Amino acid sequence: MKKIEAIIRPERLDQVKEELERAAFKSMTITEVKGRGEQKGITLQFRGQRMTVDLLPKIKVEIVVEDERVDTVVKTIMKAARTGRIGDGKIFIIPVEHAIRIRTGESGNHAI
Amino acid sequence: MKKIEAIIRPERLDQVKEELERAAFKSMTITEVKGRGEQKGITLQFRGQRMTVDLLPKIKVEIVVEDERVDTVVKTIMKAARTGRIGDGKIFIIPVEHAIRIRTGESGNHAI
Amino acid sequence: MKKIEAIIRPERLDQVKEELERAAFKSMTITEVKGRGEQKGITLQFRGQRMTVDLLPKIKVEIVVEDERVDTVVKTIMKAARTGRIGDGKIFIIPVEHAIRIRTGESGNHAI
Amino acid sequence: MNLNSGDTAWMLSATALVMLMTPGVGLFYGGLVRKKNVISIISLSFIAYALVSVQWVLLGYSLSFGPDIMGFIGNLNYLGLREVGLENSDLTMPELAFVMFQLTFAAITLAILTSGVAERGRLSSFIIFGVLWTTFIYDPLAHWVWGGGWSARLGALDFAGGTVVHISSGFSALALSIVIGRRSGFGEYDMEPHNIPMTLAGLALLWFGWFGFNAGSALAANSLASNALLVTNTAAASGALGWLFASWLRAKPSSTGMASGAVAGLVAITPAAGYVDPIASIIIGVVAGLLCYRAMLFRLQRGLDESLDAWAIHGIGGLWGSIATGIFANSSVNGYSGLLYGNLEQFSVQVIAAGAAMIYAFTATLVLAKIIDVIVKLRVREEEEYVGLDISQHGEEAYA
Amino acid sequence: MNLNSGDTAWMLSATALVMLMTPGVGLFYGGLVRKKNVISIISLSFIAYALVSVQWVLLGYSLSFGPDIMGFIGNLNYLGLREVGLENSDLTMPELAFVMFQLTFAAITLAILTSGVAERGRLSSFIIFGVLWTTFIYDPLAHWVWGGGWSARLGALDFAGGTVVHISSGFSALALSIVIGRRSGFGEYDMEPHNIPMTLAGLALLWFGWFGFNAGSALAANSLASNALLVTNTAAASGALGWLFASWLRAKPSSTGMASGAVAGLVAITPAAGYVDPIASIIIGVVAGLLCYRAMLFRLQRGLDESLDAWAIHGIGGLWGSIATGIFANSSVNGYSGLLYGNLEQFSVQVIAAGAAMIYAFTATLVLAKIIDVIVKLRVREEEEYVGLDISQHGEEAYA
Amino acid sequence: MNLNSGDTAWMLSATALVMLMTPGVGLFYGGLVRKKNVISIISLSFIAYALVSVQWVLLGYSLSFGPDIMGFIGNLNYLGLREVGLENSDLTMPELAFVMFQLTFAAITLAILTSGVAERGRLSSFIIFGVLWTTFIYDPLAHWVWGGGWSARLGALDFAGGTVVHISSGFSALALSIVIGRRSGFGEYDMEPHNIPMTLAGLALLWFGWFGFNAGSALAANSLASNALLVTNTAAASGALGWLFASWLRAKPSSTGMASGAVAGLVAITPAAGYVDPIASIIIGVVAGLLCYRAMLFRLQRGLDESLDAWAIHGIGGLWGSIATGIFANSSVNGYSGLLYGNLEQFSVQVIAAGAAMIYAFTATLVLAKIIDVIVKLRVREEEEYVGLDISQHGEEAYA
């Protein structure tokens, strides 16, 4: 199992949700975060001076899936979240050793 | 070391905290998240039509513990967070390679 | 690749950001969380009775870096976040198997 | 009497002040509910206001202030404000100003009792309930006391609505909460207020508007209004301090307690504002703070989910205020005296009038609520309650 | 005439009430925008108020109420309030009270049209635009109707500003939104209101303040003011219920819809408040709710990003209200009668006056906005819009 | 004099307006503090209001307005409002209305100086401090200026409380902040305002209420009140624009700066409102905006943690306003003239009166605060400050 952690633009969340649903991935957890990447956010001009707004609002989408479905999820997210401009975000893949469904106690792939 | 990531109902947080404390687990980090599982949230009726409320508020509880204590924590959380109805949440176990206490610089099991 | 997850005092965020920047780490994701450690938060006196405020506001800083840079990041954070008093926080190192930049599709170390 | 522009000016302002109390109730309540129900509870206040605004013009004013039928209710002479001249011989202001002033009282009363359905009431059912409640419960009560009904004839004093507004809404909220049942999860886990500054902002509007409520009830810009203004303020302050210090004996003194105490003081001084002096108002306020605080604890002990304490604060506060009027009325203020000055009769009349209002409001609401519940269900479905009324009733989320 | 202290008292209070409407607009709008632009939109209301406050004293009052030039504008006799005595023979209050009352109208009008630049307007450009707009568009319009201009002479009725305030701001906002263009992302993804309780708090202040707006426009504490007060309230309530129920047919009834309907009702009754009776006000309000709701749907269909619906609510509501005045005016209220009572002429005059205001406001704003856009750019840069105006224009974040 | 219903009507309304300013201060401050202290700071305003409400009736009115003792303080004749008739020969309104109007001034003054203990003051100690401060510092100051004390006899002009309310609260806040010490972390890390829209909502209430404050101080609904209303508004607007543009020269123009400027303008016009003309009010407002902005920068440079700038805005703004009254007083407004019209004496008197108020307030507060600090500690413990006063003083969290 892997956890796919995608940091995306907030305005793309609806699209990401939709596309994932179409690809039969329904489960997810989302968190409001702030972030910056290499470009250090967005640079504004103010009287000839530059001023950088780092830490822009982002959405973190977390999805735990079986190993073999990781690729599909990643591709789906990439398609839905991409605008082609700086700030589109990143996807990280993190190992998950175990998953348990609280309601039933089921564990492993059955639980995700 | 493992990180136990439990997504639970907000209204169960107090109970989870209490039970964990009773089992001698005091440390934790919690985050307000939103999520949906397989059932895609809750379905309402509106004039014969269905309308789904996905992305319900949840609480993510993160606890880093030594490997041998994972089971206790998981069981404790399950006991405290379970209502038996859809939406009770999930627990994910994620490997942690290292932990450091910022104040002292201690690391490893001493740090958690 | 590793994900460095540091739980720090909110009032130290600016310093941590600055120091990381000086050390050439610009990318990061931050989340507002609440947490408690071994000391179970802060204890207040009220008419001779003790009352504990657990779950104090903290900031979670997440930074994904190449394995070899983990140490620098950890040191930098420790330096910037440390006040020497209880509540300074912890750093956890979590393995990351893969990273993808959504905009370009680059992956691996190039993506972080 | 002749129109007096000063009196009219004050009544126009006072009306505006009282109007603002209804959203004040909305914000006060809004801060106390959970985030998922804040739109619902604020909207209920506005909708209550809107419904009563129309009902009052069409029907309510006539039922309340129309020529008396058997001491119980007004007749239909003033339907749609027919025959309501722009001037009225009893008043020093245009009658339409009086109609409008009274409208704001009817409206806020319905808004207060939304406490009883908070976080679980169906919007559509509340609309039906609201229109019927104001017609069958508020309008008669207003008639009894201010429209020349039996209570007025008996000599009961209710300066600005202790019985009509507060006892009636408070005990009705209790009845309503019993019929609709507890919120799911009540008693099992904490339901913390989601935004206390919002509640405090609501308190600000309430306190402010209450000056219009009580001092406006003098129906003139005169000494009586000035006395009412001052004692209203002192009672509110004393209520706030009373609750604050009382709760401090048990735990840290919460701001919501202070706010509740202020409202308790305001409620209690309402029937009394035109009859008591400043020193009495301090006592009335402090006692209101203590009493309503106890009432709230009692309610919690009993596991009653009259969720936002309309009963403890408005019901019990109104009861206390009505009786206190019979105790502290000082003839130097307005010609009436109470028990303290040897007038047992006034005291008894107050008890009777307050008791009757309490019983009528509670019983009639119980019956009305039950009937509506059977026919259209007062309560949302379990899953609707779980996701919250904002989404399930309004399709909205409060905060993005 | 002699000074009347009652009339003066009411005008002082009414002025305060109207003043509060401008931050009311700010909060109403503030709740509807995204979190990153809330400071910007609320500040625009305050800045509009501040700019007009100074402009009005120096210049605007003279242009609006100074001795007439060709029916179009006032002359410069009252520059800097020179020669504006503390008393004026036409009024029963000090003239400075009238100046100040009118100031609040001019100010809110500019605040309303910030809807057209919401979430994308440059602060500095708006300041320039605002000063010119109030001078070249508001001041003449006020003169036409209230300052003895052509519209007044024609016999057009506009009790409290249906044309001057609402048609003018609504259609100007539309023009402005066309010149400045849509918000980036409009139509692509949802832009949900970030804080609906804030919008409802704004509604509370608007409704409250509107009592001063309309009942204050009687310029006296009399029967006319009382009638205005009552019909204002009824129209607001009916508008709220109208929009609520109309939207309920399509989807869950939103609180923002209810709020918009209330404002629509308030807007529509504005020109009519001194001429129509309570029953007419219910009809005017309900129709306003339905009509403005349709107007909003139409705007969305057309992909017009007049973002906070000043056009749909103030523009269309004002148009309807102005015409409705020509329909429902009832001579028993104030001596004027409308179409319903057989007076076709009044109706025609209303249509002409409303049409002229609409055309003038729309066209002149289009030209003014275009000129300013060419010279200093009305809109922020793309990346400034992306990070939000709070940071890019004010260097602040609303919530920490 | 005879009662005048118009004057009374205005005073009742004005009193309500001023009352609303105290929660306005609470919200203004509430938005500026950190999330963990918002309940505390808003509650302090309410508690200040409640304490003074009771103290004023029992004691304060007598000390301020009772028969003079040596020019310094009133005697105890009016204890508990004994012998305060419902009518008073000097006034055209009931004396109780005057008592209540003045009460709201005493209350807000204490609320303003909570700035000095923001985010670190112990609730219980503040309660003790507050009661003593209003008794020993506010009451004498009010007596000096309005109660027939030395300052009044000297001929000092203070229309609505530039010295009594603003200099006194501003300099007292400074003294208090020095005694209590800086917030832990001050100067080390940023303490950003947690909710700027709340501050702007507070500004709305302040601006609105200030109309009652200044125009109410005419104690009648007349020309003087109208002048006060207009100049109050213009000064506020000019102050907002002044600070906005001044800060724009250094950085992006913040909304909190605009808001502070508006308050600075309001403060500065307070003593002057009944003496100066509209053009002078623009100058007074702009200068207030610039001056208070500089004062704030100066305070920050000096590392003074008078946290919410009561000193910079109320203290310095009040000082400027008192002196400006001596400069701009125009005899055509109210019979008094200032330096600009050749009256050096008035100017000197203003300087003396303002200086005396400043020195008395600062010194006496320093002493009082020190004494209380020694006995019961003004400040919470370090860990209480760290978790925030909402939890540690009230056991509550603002937002869930």
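In this document, chain identifiers A, B, C, D, E and F correspond to the written order of the chains, with residue numbering beginning at 1 in each.
Basically, contacts are C-beta pairs under 8 Å (C-beta built on N, C-alpha and C of every residue); 3 or more make two chains touch, one makes a residue touch a chain.
In this text, all values refer to a predicted model and were calculated from it rather than measured experimentally.
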Number of steps on the shortest touching-chain route linking chain C and chain E: 2
Equivalent interface positions on chain A and chain B, same or different at half: different
Chain B and chain C: spacing of chain centres that average the CA atoms, whole Å: 19
Chain centre separation (chain D, chain F; CA means) in Å: 33
Interface hub residues of chain F, defined as touching at least two other chains: 4-7, 9-10, 13, 195, 201, 221, 252, 392
Sites on chain B at which at least two other chains make contact: 31, 94-95
Partner chain A, residues of chain E touching it in the complex: 36, 185, 188-190, 381, 383-384, 386-387, 391-392
Chain B partner contacts - residues on chain A that touch it in the complex: 1, 3, 17, 21, 26-31, 64, 94-103, 105, 111-112
Complex contacts: residues of chain B adjacent to chain D: 11-12, 14-15, 41-45, 53, 56-57
Residue ranges of chain A touching chain C (in the complex, touch as defined): 2, 6-8, 31-38, 40, 54-55, 58, 60, 74, 77-78, 81-95
Partner chain E, residues of chain D touching it in the complex: 3-10, 12-13, 15-16, 19-20, 23-24, 26-27, 30, 38-39, 42-43, 46-47, 49-51, 53-54, 57, 80-81, 86-87, 93-97, 99-100, 103, 123, 195, 198, 201, 205, 221, 392-400
